[in-house]
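So that you can tell them apart, the chains are marked A, B, C and D in the order they are listed, and the count of residues begins at 1 in each.
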Amino acid sequence: MTTDVTAPARTMRAGFVGGGFMATVHSRAARAARAELVGGASSSADRARDAAQRLGFATAHASLDELLADPDIDVVHVCTPNATHAAIARAALEAGKHVICEKPLATTATDAAALAALAAERGLVAAVPFVYRFHPMAREARARIARGETGRLLSVQGSYLQDWLAAPHDDDWRVDAALGGPSRAFADIGSHLVDLLEFVSGERIRRLSASTRTVYEARATHDDIATEDLVAVVVELASGAVGTLLVSQVAPGRKNALSIELSGTEASVRFEQERPDSLWLGRTDASSIIERDPARLAPDAARLSLVPAGHPMGYQDAFNAFVADAYAAIGGQTPEGLPQFDDGLRAVRVTEAVLASAASGSWVEVAA
Amino acid sequence: MTTDVTAPARTMRAGFVGGGFMATVHSRAARAARAELVGGASSSADRARDAAQRLGFATAHASLDELLADPDIDVVHVCTPNATHAAIARAALEAGKHVICEKPLATTATDAAALAALAAERGLVAAVPFVYRFHPMAREARARIARGETGRLLSVQGSYLQDWLAAPHDDDWRVDAALGGPSRAFADIGSHLVDLLEFVSGERIRRLSASTRTVYEARATHDDIATEDLVAVVVELASGAVGTLLVSQVAPGRKNALSIELSGTEASVRFEQERPDSLWLGRTDASSIIERDPARLAPDAARLSLVPAGHPMGYQDAFNAFVADAYAAIGGQTPEGLPQFDDGLRAVRVTEAVLASAASGSWVEVAA
Amino acid sequence: MTTDVTAPARTMRAGFVGGGFMATVHSRAARAARAELVGGASSSADRARDAAQRLGFATAHASLDELLADPDIDVVHVCTPNATHAAIARAALEAGKHVICEKPLATTATDAAALAALAAERGLVAAVPFVYRFHPMAREARARIARGETGRLLSVQGSYLQDWLAAPHDDDWRVDAALGGPSRAFADIGSHLVDLLEFVSGERIRRLSASTRTVYEARATHDDIATEDLVAVVVELASGAVGTLLVSQVAPGRKNALSIELSGTEASVRFEQERPDSLWLGRTDASSIIERDPARLAPDAARLSLVPAGHPMGYQDAFNAFVADAYAAIGGQTPEGLPQFDDGLRAVRVTEAVLASAASGSWVEVAA
Amino acid sequence: MTTDVTAPARTMRAGFVGGGFMATVHSRAARAARAELVGGASSSADRARDAAQRLGFATAHASLDELLADPDIDVVHVCTPNATHAAIARAALEAGKHVICEKPLATTATDAAALAALAAERGLVAAVPFVYRFHPMAREARARIARGETGRLLSVQGSYLQDWLAAPHDDDWRVDAALGGPSRAFADIGSHLVDLLEFVSGERIRRLSASTRTVYEARATHDDIATEDLVAVVVELASGAVGTLLVSQVAPGRKNALSIELSGTEASVRFEQERPDSLWLGRTDASSIIERDPARLAPDAARLSLVPAGHPMGYQDAFNAFVADAYAAIGGQTPEGLPQFDDGLRAVRVTEAVLASAASGSWVEVAA
């Protein structure tokens, strides 16, 4: 019997800020990690009560202040619109709470850096749900690359394509720069792509040249600042590898098509988030499809693999593993690969570099 | 915000018999359905304590009798070897508990029929985890067939291929006829295939001609009765459709490859359990890949669809939905498509027909 | 530079009987093999002239007799409706011509056996275009099985699904039993499936139990004998392997979906005709996708591989290789794997066994 | 019966320069188009004789001059290393011959422009084998885009990945800048990608930002100028669409993986050269897999579709269609989509822009 990543060292008491879809996903993960869901706060007391009932919280706090003042709460899940992350996360850290904050961690690198510094200073666990890291086969890819199976990295090809904003009338708070921040598609999903690429490859993007496009200048009532629907980037990595990234929320037929393909001197590896249980391993002589089979994976991949081969794992499973690992870190363990505020900051820096490159029409170095 | 299938009407108190992998899966589902996991029983008091700790049960009962005597328990999850299902399920029903019993419900149709009758007589919910029914796209296939989109059914092609018993030394209690019963591969996974095929098609297998094969006559110490590794079947359905079923636990490279393809006069549909989030819909003029997109599915598929399109759902999600629906039934609702003891009996009857056909070398009618 | 399978030892002079689609395919292959297309004959002198012009024949013979009397012709391609094959092939052999005769070789095993005997007696090359044998990756599968890579054969799963007769009004001479013979779907495409399965596996079907179905009793004016649209079969092979075959010409969305999957004690292999340039090789520890790469294939697969890896080969390439090999045999060589009249006879025997089993409702042995 | 694209208006007499693999492919296509292969010339008289024998030429000319002096020759196929194309093509045009010249048409845009001008001035057909245009489903994609099915173009994602130069010792004349020209990977295969992308989309790349990489500075003896193995590009198209291109000849496991995915406001379309018989058509509500089915394609796709749906067509089929169309143009027809010297020039211009951008680190406009 494998040890179950979801089995916690101790029972966490988790508080929730926000009551939308991401709060639902977080709360399922917290419950799977056997937490007590003791408090909630949202944009109004009514919404907080509604979320508490819907998500099965034991208590519904009426405000963020009340939530943070609750001494029983170990960790605060921040599941609100982008522009509010920094202030809420800061307040939670200052209240001595561990924090799990939705990405993008902040809408500016300055804010993100301050949060990362504050978390470090207070010695609190501060995690960002770059959850695609928690697919066992993403870990397997990373382990194989780390042990040299693919050789020296030569090229990367990444894309993250969605279509939920493909129609002119498709709308969401993310489209409103006042809530979503100055970048939309890249901050929202490009950040995942960059994190996964760097996590799996073990390398960092050093510089990039980008072009962005806003297809629908005005969506609904958010007409002051139109954020980008679509980003195309050439990247150079620290080791000299080069590659391309394409990020779009206006690609009809693509639902959540995050994929990365990395080629090295010895082998290539491809991971697709929509088919997360297999990995393509390309070699010149023969290529393999590696199915997630707990008995045959690298330890860090096997540990996240909760059901046998051929029994698909999905998005919620990855999210559950992320939350379980964050709780394990709060409990004093050091689980491998937990994305923290430094990683959140990193993604914001790459996002800023993308916007700067597109605006200036030149290559931009990404701050380390 | 869609209503969440996992949100229960009231909090169930669930007891568990058995502490192996399936108990782990059941307990995760019970927790996701916000149950209280108040009791446990296993093959020994030590094992029960171990399971209780591992799976996070609040209490560890020392025996089945003690568990069944606990008035707080609403429902008993039976997660023990096949040959013990009938007796435990009977005891639980007689104790007035609702029951969720692993498949095969029993190792003989006689036993299964008695259980189904008892559950009906007592008015208790008695469910069998034919969980592949709970993949939203299996429901979508069923809904499309039911509304005539595929036309009159002409042919079916089903297979369920695994490789975890492919090596001569691979072993498990399922291999031991004393624990597993007279059929192994068909009872274990063929039962899922038949249930899914009949559930999705809305039709029943009327007669069949089968050939079985035992590849390794002796596995480990289970040398008295060697059960089948592999079954090939021709089936005729009630409406006259014909088809083939192939079931194997000795197919190298196939992990849990359950697939069904049904062709009608208007269209074909294919569902593969290892890629449960999409459906192939074949038409003469153009074929479609239908991705699970909650906004665009039949109501019964959308209701089980807990994350947006492109965010993969998996095996545990299906299991969670099954348990949530069973609990909903206990709570007085009538969720669509809950597999009950009648369905468990049906699978045993088909299994018996398969063994009878293989033994006699002739077509066998399946009892209705 | 690899030797080109299409480069002939000497220039053949090829005569054609029939002027439909298959004659077009044959004539392209003959031209690729650098033959002289010196004669043609069809159902009327007008049609023969038309075919000669369309297909670029140097000469248009007015009748079969005239064609067979032409001393310059080495080989006769018989591309006419099924029921006429036997008489034309017989006449050609008796005229001392080598023969390439479309499948099914004859509509009865008796006729097919007589033709095979006659060809042997005269020492003439007599080939049947089971052309799927000529996909390099089908050869690669065969070579790997032959050298033991898959171990002892345990199971087979074959299917051949089309949809060109899926609509009630879809029609063709093949539907008319007077021209097509007593079996339609199985004789037409099941014969290919059986040939490929036996060729690749190196094993023969020993006995079978079949069910057939005629979906549209009357198609157009062919109302006297309705032949089968659909066949489902359980097979047992000589070594004890078991499996299923599904053959249908009424499967919406399936165009020419011939696939075989064979599982042995060590590995499984899957070949799909619609994706003929790759092979799935399943193993318990990891599965491979083997792309057709001439430098890395078994000799008999490499020899048929005319373009580099990643440059797809198709149906006409396979046909060309078949004709080139038949011509090589006429030229005195002994190319591996040329399907001859014995193989044509074999397919007719399996077809007769299928019809007999379906009619009697019992298992039928296939004559060796 | 569809008209066969390979049936020529009149018999061409085709001369061949070069005797390597590409000459083999050209000669097969010429033969399929029922040409007389009346002459050959290569780098030496011996090699010319050898090629003539191997490829089945009726006559072997001893030199290019002799070949061009042959008044019976209609068209010259130039199948020699890149750096020699311009001079040979010029000589052939000046001798009044139609020309089919391998890509890249020349190693500088200046040379390519001069050739295009010369061909126009002389009124000769001058074609370049951008043969991927001749896959019926590439035509189908183009037709659907042209008739507005995908809407306004928003993004493109193209890649062309190979691995035949992935090992340090892999070598070829293409690696030698003296023979291959200043660009290798992009000139060799990037040119195909750009041509296909522009052909299918009906739009032109307006500007680009590129990064190139030479992985192995010295391959074999070609040590003076190391050409690029790998190119990553961001492109902007005339209409404002943006996208990425990745071109590599050092991507282990990728054989000839040319793919393009174009997303518009209404739909996306994806074509993969290694699976040329199907097209993915993505829509927000449901995506389709469109199989090549002659009866259901746009006229220009149907005309190139020589075998029924499900019978795969391949690389040689595409090449045959290209040559047949070039011959048809010589015969006075105006087949749709024939790639001519202007298209060859276009690809050289994009190649030069890629090299210029990589060298300067800035965006570069592509000359119109």
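Things worth noting here:
The working rule: a residue touches a chain if its C-beta (ideal position, glycine included) is under 8 Å from a C-beta of that chain, and two chains touch if they have at least 3 such contacts.
Model, not experiment: these values are computed from the prediction.
The copies chain A and chain C differ by a rotation of 180 degrees on their C-alpha atoms, rounded to the nearest 5.
More inter-chain C-beta contacts link the pair A-D than the other of C-D and A-D. Centre to centre, using the average C-alpha position, chain B and chain D are separated by 54 Å. Remark: chain C and chain D have CA centroids separated by 34 Å (rounded to whole angstrom).
Chain centres here are Cα means. That of chain A falls 41 Å from that of chain D. Counting only residues that touch two or more partner chains, chain C has 254, 280, 287, 291, 293. By the touch criterion stated above, chain D contacts chain A in their complex at residues 150, 154-155, 157, 159, 161, 163, 166-167, 209-213, 215, 229-236, 240-246, 248, 250-254, 263-268, 280-284, 287, 361-363. Here chain B touches chain D in the complex through residues 280, 285-291, 293, 296, going by the rule given at the top. The touching residues of chain C, counted against chain D in their complex, run 1, 4, 6-7, 20-21, 24-25, 28, 31-32, 34, 54, 56, 162, 164, 254-257, 273-277, 291, 293, 306-317.
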